[in-house]
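Chain naming follows the written order as A, B, C, D, E and F, and within any one chain the residues start at number 1.
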Amino acid sequence: MSMTAELLYFLASVLFIIGLRGLGSAETARRGLLISEVGMAAAVAGTLLHPDIVTYKWILISAGVGSAIGIAMAALIPMTKMPERIALSHSFGGLAAALVGVSEYSLHHQTVAHSTMGALGFEVLFGGLTFTGSLMAFGKLQGFIPGRNITYPFQNQSNIAMFAGTALLLVLLTIWPSVQFFFYLMFFVAMVLGVLIVIPIGGADMPVVISLLNSYAGLAASATGFAIDNNVLIIAGALDGASGFILSVVMSRAMNRSFGNVLFGAFGKADASAVAALAGSQEIHEATIGDAAMLLSSGQKVIVCPGYGMAVAQAQHAMQALAERLEAEGIEVKYAIHPVAGRMPGHMNVLLAEANVPYDQLKEADEINDEFAEADVALVVGANDVVNPAAKTNPSSPIYGMPVLNADLAKTCIVLKRTMNPGFAGIENELFAMPNTVLVFGDAKDTLEKISQALA
Amino acid sequence: MSMTAELLYFLASVLFIIGLRGLGSAETARRGLLISEVGMAAAVAGTLLHPDIVTYKWILISAGVGSAIGIAMAALIPMTKMPERIALSHSFGGLAAALVGVSEYSLHHQTVAHSTMGALGFEVLFGGLTFTGSLMAFGKLQGFIPGRNITYPFQNQSNIAMFAGTALLLVLLTIWPSVQFFFYLMFFVAMVLGVLIVIPIGGADMPVVISLLNSYAGLAASATGFAIDNNVLIIAGALDGASGFILSVVMSRAMNRSFGNVLFGAFGKADASAVAALAGSQEIHEATIGDAAMLLSSGQKVIVCPGYGMAVAQAQHAMQALAERLEAEGIEVKYAIHPVAGRMPGHMNVLLAEANVPYDQLKEADEINDEFAEADVALVVGANDVVNPAAKTNPSSPIYGMPVLNADLAKTCIVLKRTMNPGFAGIENELFAMPNTVLVFGDAKDTLEKISQALA
Amino acid sequence: MKIAVPKEVREGERRVALVPESIARLIKKGVEVVVESGGGAQAGFADDAYRAAGAGIIDSRAALLGQADTVVQINVPVADTVAAMRPGATSTSLLFPLAHHDLVRELRDKQLTSISLDRIPRTTLAQSMDVLSSQATVAGYRAVLTAAQHLPKLFPLLMTAAGRIDPAKVVILGAGVAGLVAIGIARRLGAVVEAYDVRAVVKEQVESLGAKFIDVGTQADAQTAGGYAKEVSEDFQRRANEVIAGHLAEADVCITTALIPGRPAPRLVTAEMARRMKPGSVIVDLAAEQGGNCELTRADQEVVDNGITVLGPTNLPSDAAKDASRMFSRNVEKLLLYILKDGRLDIDFAKEIVRGCVVTHEGKIVDTQVAESVGA
Amino acid sequence: MKIAVPKEVREGERRVALVPESIARLIKKGVEVVVESGGGAQAGFADDAYRAAGAGIIDSRAALLGQADTVVQINVPVADTVAAMRPGATSTSLLFPLAHHDLVRELRDKQLTSISLDRIPRTTLAQSMDVLSSQATVAGYRAVLTAAQHLPKLFPLLMTAAGRIDPAKVVILGAGVAGLVAIGIARRLGAVVEAYDVRAVVKEQVESLGAKFIDVGTQADAQTAGGYAKEVSEDFQRRANEVIAGHLAEADVCITTALIPGRPAPRLVTAEMARRMKPGSVIVDLAAEQGGNCELTRADQEVVDNGITVLGPTNLPSDAAKDASRMFSRNVEKLLLYILKDGRLDIDFAKEIVRGCVVTHEGKIVDTQVAESVGA
Amino acid sequence: MSHEMFLGLYVFVLAAFVGYGVIGGVPPLLHTPLMAFTNAISGISLVGSLVAAGAEHTTFSTALGFIAVLCSSINVVGGFLITDRMLKMFRKRGGKNA
Amino acid sequence: MSHEMFLGLYVFVLAAFVGYGVIGGVPPLLHTPLMAFTNAISGISLVGSLVAAGAEHTTFSTALGFIAVLCSSINVVGGFLITDRMLKMFRKRGGKNA
């Protein structure tokens, strides 16, 4: 490697790390991104100096086409399709790593060193697995493949067996690098495994899996680095691998599931029992604390709709603390007080006064109902009947004609409640199934406190 | 290096990192410590395998004596002398690094490679600087050397010039490694520089400096690693170097000073104007948010003494939030309500009820005064006259004979106030200068919120 | 259509059924409103304010009633009023038809349409028309004030140079609307509050206000489908009372609000229980009109027995006449707007709310429960 | 030494100067206590409770006063009481000697030692003996309750199905002890509170209770060394009143507590300012006895003018007689314990507190300010 | 294990720790952008692909390299752009905690 | 710069980032123990000293090594012990947030 390339790689590594650290807070994130982009440019520049490269023709064409596709995808895909996009992208990443491995192997399988072979094997294994696994995840999210978890007998056992099989093949390959059959078989089994691992996983848990596949993609890149002795690949891959792994652990913990469940698809069942039962016939969107925090903090105007659940959870102080935090970030917070929220006249007033919410933030339904359309977030804290749009739209509903809070008109509606149980009036609430509504299940006080922490 | 040694070093490096990460929370800290100890053992074991070692005689004697001293120091030095001990210890560390460097140079100065020479030079430079700098810090803290900041004209300029001088010598040395004069001159100047850097720094800022010297000690160790091509030294040194540096930045930020001030001793002057004026004739102990948080969380029983300052700061909600956090950690919190705290009868009651402090946590002075002796911490939140021990001890005081809260009897007393101004009665309060009292200056609400955050 | 608002004739009544604000909104919907001169004076609404809102002011009560298509009042109409109304007109007021058989017959015979505001069904939709709730809100607030006014001690905990003043202990029996509001207000004033109700769902509601629910052993669950309470067995009540007695002995204030629709008020505090309270304690019994939850209660009298003051105010909302009138008026306004069609009342029995509250119409008692009870 | 506690003779007074609790503690210090029969009854302290505490109960007032070494009362002694006392005995009560010259002369001539509780210096040390503070605390609390009781609207903000009830706006003029307590209580009841005082330090204190300080442009700083207010120029007062008038026009309740020791109460609310308030508004004037802060105030009467109710209660603490007596008693107890030496009162003029509160002693007016004022 | 490989291991482990440590500091609020971001970074396999595509060893390897470059560059370009788009949602504000 | 040295640089920089990252996670409450702890870790210069003391190249170098080992071992042993003593102050508790 030339000194210039070496320096460029070193620079790229440092820039990646600094860039990634920038993600530590919303203010520095974009700068971090820019720094990483420079790092990537440095790494590419370093590579283009590589003496083995004899023509830039193919590179230019493929990179040009790839960039065009990338730009198009970034510009056209709506924000709500983010998980799908990331999944698809991982599958590209996995494929790229696998193909580089195959290409290397095809050239050097006679001469390759044992240790290099190990690295190459890893690369292809993880690359293949990521490729098909991510493709499956994408398909599920897009609805091409049934989103519900698919289970069959001995699912975990067979997956574990297959995993052991690929591991064994890898070992064999490291010992006898030249046996091509082992290599291609391993590649194939890894790809099958990718499919099987993702099949049993339900839609709600997909983000965890995607993050895990991200981690695998990183490991594949690291393995490439070992194979071609390139530190920047090792480092970037390790950054990805570790952060993706931890992120999936963090996310599964936030969903109150052990990570073991995630790895072995067993939580597909927990999913079936808990979330599905919750949702009843409705197709709802469950969100994590992090999602809720992001939605809240990325808005400019939040309207809180408190209800009886806030009173039950005695969440008024937690709500006020969250509002203070949002206001400190320059976000406007108002409370929409429905006249019959709670169980006695003025129930919300009594509680919010106790929590020292300034009177001028409290707005009556009539007064604020027009503002929902401009609000970024309607935060429904343990309210149900008073935000039920059926009162406006469904003449056969027992509450038809009652004025309700227009929480459904806000750009996003975040609902905090414990279960899918109905409120006082005992009727279903279609707000919960609307496309711009997300639900965060749990005691409202607890949830609000966690959201505050996430924003800290 | 033998494969065994290599593996042991690798293991040690990983264990150090894991151990250091353990310090991230109070529960895992001790486990982290243990892990690092194992790491240290592995590193030492790996070193003892070194082929150059021909006799263990000197090693055993010196390590034995050193360990004995270490044990004695750890056992005998009181907790309150911790900064002194750490400073002294740094000076040992700096000396060790410098001496290893000198010894290496004395052996190889004819043959040493340029790059290795650079590393050796760094080692000696930082080692020497740390050695004398830490010794000075120790002396100041112990009172051997005047604690107040010592200043003289062109202080910063001359320090910068000397620093430039040593850097120049280092460069020269890297170019002409065999010129012993450069080497020893650099060593000498570094030691002088250590003294001069610390001289202008006042007592209150010493922790920042000690942490910075810690960082220098780490860099010296890293340089040793480069010189003898040993990764574990590089890693452990870098860990120290980075963490010490960041810690000193964090600490100076917590004191509302820019880190630039710290590096150039200029804040000795800020110190003179602010803290000294605050203290008046009293010798007080200022504490950081972190200290306060540590004291609070390491106790089992905290008695809060609120006063008019809590009302002025409208800190009742922040106080209640902190109390909740402490209680969640199993610490008992009570409020001692003095009958004339505040400016109207029942002032504290009105405010604490607003913050929803349960009535049964509020205790009258008579009721709780005997409990102070068993309390780990008395947290005085903007109270002054009502905790003034002069009422008990000083017959000539205008408040002599008034019952006061026995905050002075708690193991530690933490006082939150903004300045050293007296309270309503306009008299000095000797509680503030007692050896078991620390003061945290600032608006009470702000301070309480920060302490809560530190405990999060 | 002409709506008439006569002055209330009940003794001590200071409220008025419609306030200028509501009248202005009603007039926009194309109705005419006339108000008896001085009708709102005691609630703080002068004739001028009514005129400004577009209402006519009429001095003669007879003339007012005679020309009205709809008469809106708060209290149960007196015979004179009914007599003065035009046949076919509508009377809107509290009516409690199950307790006023003669009056119902009179209304029927006079071909009046009578809307009984107390019988508006307690559905989510009808809450904005529910005068019982709105007036109970005011009553709950005033009950606490009345208790505080009569209590020779302070409500909040105060630790002062002149010693420690313990917080008042308040026990609230019956936690419907008035009871819950009283809990909230008493807590705000700094009292330590405990509450009891015979309906099991109330426990959560009481706790949602930060008060303690009194556990009487086995909690009854005496809730009817309509959300009201039903009577419990004597035996159960006795056992519950024993527990309550213990809490009362520690209490400074007891506010009782327990009611069962159409039945005499349950006896929750016997004379003996009351006398075991601390001297100076105060009982405010909101069920006085229905016979009282406390044995010592005498409606609208201040009874002092063994140093315990027992109050049985029957018209607390009138004490906060301004806000109480506003709320009542808003309820009636919502109801009228709901029933109005093309400027006149449209008594459409397809509507659940109309079915619930219209008692007599076109010479018939249309409410079957009332018809049965009246026996005609 | 024998301490006597006669029944209070002031009309409407329900408090008692010493409660059983305090008496028990005093008796432990070796004094004897006798109480007039029924003396504490109206405050909720029965004769039995006094007996249990160790006090003697005496029916005859004359006998009681005649045998006492020290008579402890709340209100300024009446001539009869002074006449009935033994020469050389001590009278402990409120006295306001600057306003009662004849009484002071009588006390002097009868060789009585008189302790004027209202003249206890306001030092940190003496706070536990400061009856003005303790009774002002009760007065502040009761002032808010009285206002709430008379206000035809609710205090807290409520958003209900029957519309929005705005919070009551309360303006408090004079933020000494009573004013500050009133701020705290009114805020707890949910009102929006603004306050004004002529002393500049009070701004921070008002804000420390979460209320808003009314800014009258240039804030006076009329604080004397003793912490009391002094009179401000007429011109200043007029300008301040203009600002206050604006705030009053928006207010539902005004509570005034402004006093300057020894001077008539400052006129903060003119008749015109009061009449510009909303109909139904309530003014509670705690300075009624000193002529009132409001021009319309008549001591102990309820004046209704233009729909505004003006109350001038002069003895609010008596309305919470139990707690007020407890606090008063605790203050007196602390004072007596401070002066007692070997079971008798030791009038030691070296002590600042004694110097402050003893007016006559051994046939002389010992307080120079009083002596000057009495002109002897 | 070769000494080279061993040093690679050091680098790998240290980098993994860095990655691990960084996540601790990322607020949940940024988890989704983080995923997109690391996705972009994993496009570093471009470095491997470029050589494969440009070396013209065999047609097979060139073809694979070509596809790999295509895939990786989609990731790099698309990933960075989309992360940026997401982060733009967090407007800058005047708030004190911002 | 030699390739060795270069790899050392990678290791150094990565380790520094690890150290940097760790501090972010340490609550202010543990800052003092942390200082004692890193002080102990900086006793790693023992590794260098041991060779100097045991190699017996020259008396000068051995003597320096001897002193260096002495100093470093004070740091290592004392540092670890004292950190432990400090951390023991944080009793384990049953609290939910503990």
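FYI, a residue touches a chain if its C-beta (ideal position, glycine included) is under 8 Å from a C-beta of that chain, and two chains touch if they have at least 3 such contacts.
Given the structure is predicted, the values throughout are model-derived calculations rather than measurements.
Peer 1: Quickly list, by label, the chains bordering both chain A and chain F.
Peer 2: B, E
Peer 1: Among all other chains, pick the one whose mean CA position is farthest from the mean CA position of chain E.
Peer 2: D
Peer 1: Can you check which chain pair, B-C or B-F, has more C-beta pairs in contact?
Peer 2: B-F
Peer 1: Taking each chain's centre as the mean of its CA atoms, how far is chain A from chain B in angstrom?
Peer 2: Distance between chain centres, rounded to whole Å: 40 Å.
Peer 1: With centres defined as the mean C-alpha position, give me the chain C-chain E separation in Å.
Peer 2: 69
Peer 1: How many angstrom lie between the CA centroids of chain A and chain E, rounded to a whole number?
Peer 2: From the centre of chain A to the centre of chain E is 16 Å.
Peer 1: When you check chain A against every other chain, which residues touch at least two of them?
Peer 2: 13, 17, 21, 24, 231, 235, 339-340, 345-346, 350, 353-354, 356, 456
Peer 1: What are the residues of chain F that contact at least two other chains?
Peer 2: 1, 7, 10-11, 13-15, 17-18, 21-22, 24-25, in rising order.
Peer 1: Among all residues of chain D, which ones touch two or more of the remaining chains?
Peer 2: Residue numbers touching two or more other chains: 127-128, 133-134, 137, 156, 158, 160-163, 165, 188, 190, 210.
Peer 1: Give every touching pair of chains, nothing left out.
Peer 2: Chain pairs that touch: A-B, A-C, A-D, A-E, A-F, B-C, B-D, B-E, B-F, C-D, E-F.
Peer 1: Per the contact definition, I'd like the list of chain B residues that touch chain C in the complex.
Peer 2: Counting only chain B, the residues touching chain C are 337-340, 345-346, 348-350, 353, 356, 359, 362, 364.
Peer 1: For chain B, which residues count as touching chain F in their complex?
Peer 2: Its residues touching chain F are 13, 16-17, 20-21, 23-27, 29-30, 33, 36-37, 40, 43-44, 46-48, 50, 52-56, 58-59, 61-63, 65-67, 69-71, 73-75, 77, 79, 82, 85-86, 89-90, 92-93, 95-97, 99-100, 102-104, 106-107, 113, 115, 207, 210-211, 214, 217-218, 220-222, 224-226, 228-244, 246-247, 250-251, 254, 288-291, 293-294, 297-298, 300, 325, 327-331, 454-456.
Peer 1: For chain A, which residues count as touching chain B in their complex?
Peer 2: It comes out as residues 317, 321, 354, 356, 453, 456.
Peer 1: Can you check the complex and tell me which residues of chain E touch chain F?
Peer 2: The touching residues are 7, 10-11, 14-15, 17-18, 21-22, 24-25.
Peer 1: For chain C, which residues count as touching chain D in their complex?
Peer 2: Contacts found on chain C: 14, 43-44, 46, 127-128, 130-131, 133-134, 137-138, 141, 145-146, 148-149, 151-156, 158, 160-163, 165, 185, 188-190, 279-280, 307, 319-323, 326-328, 330-331.
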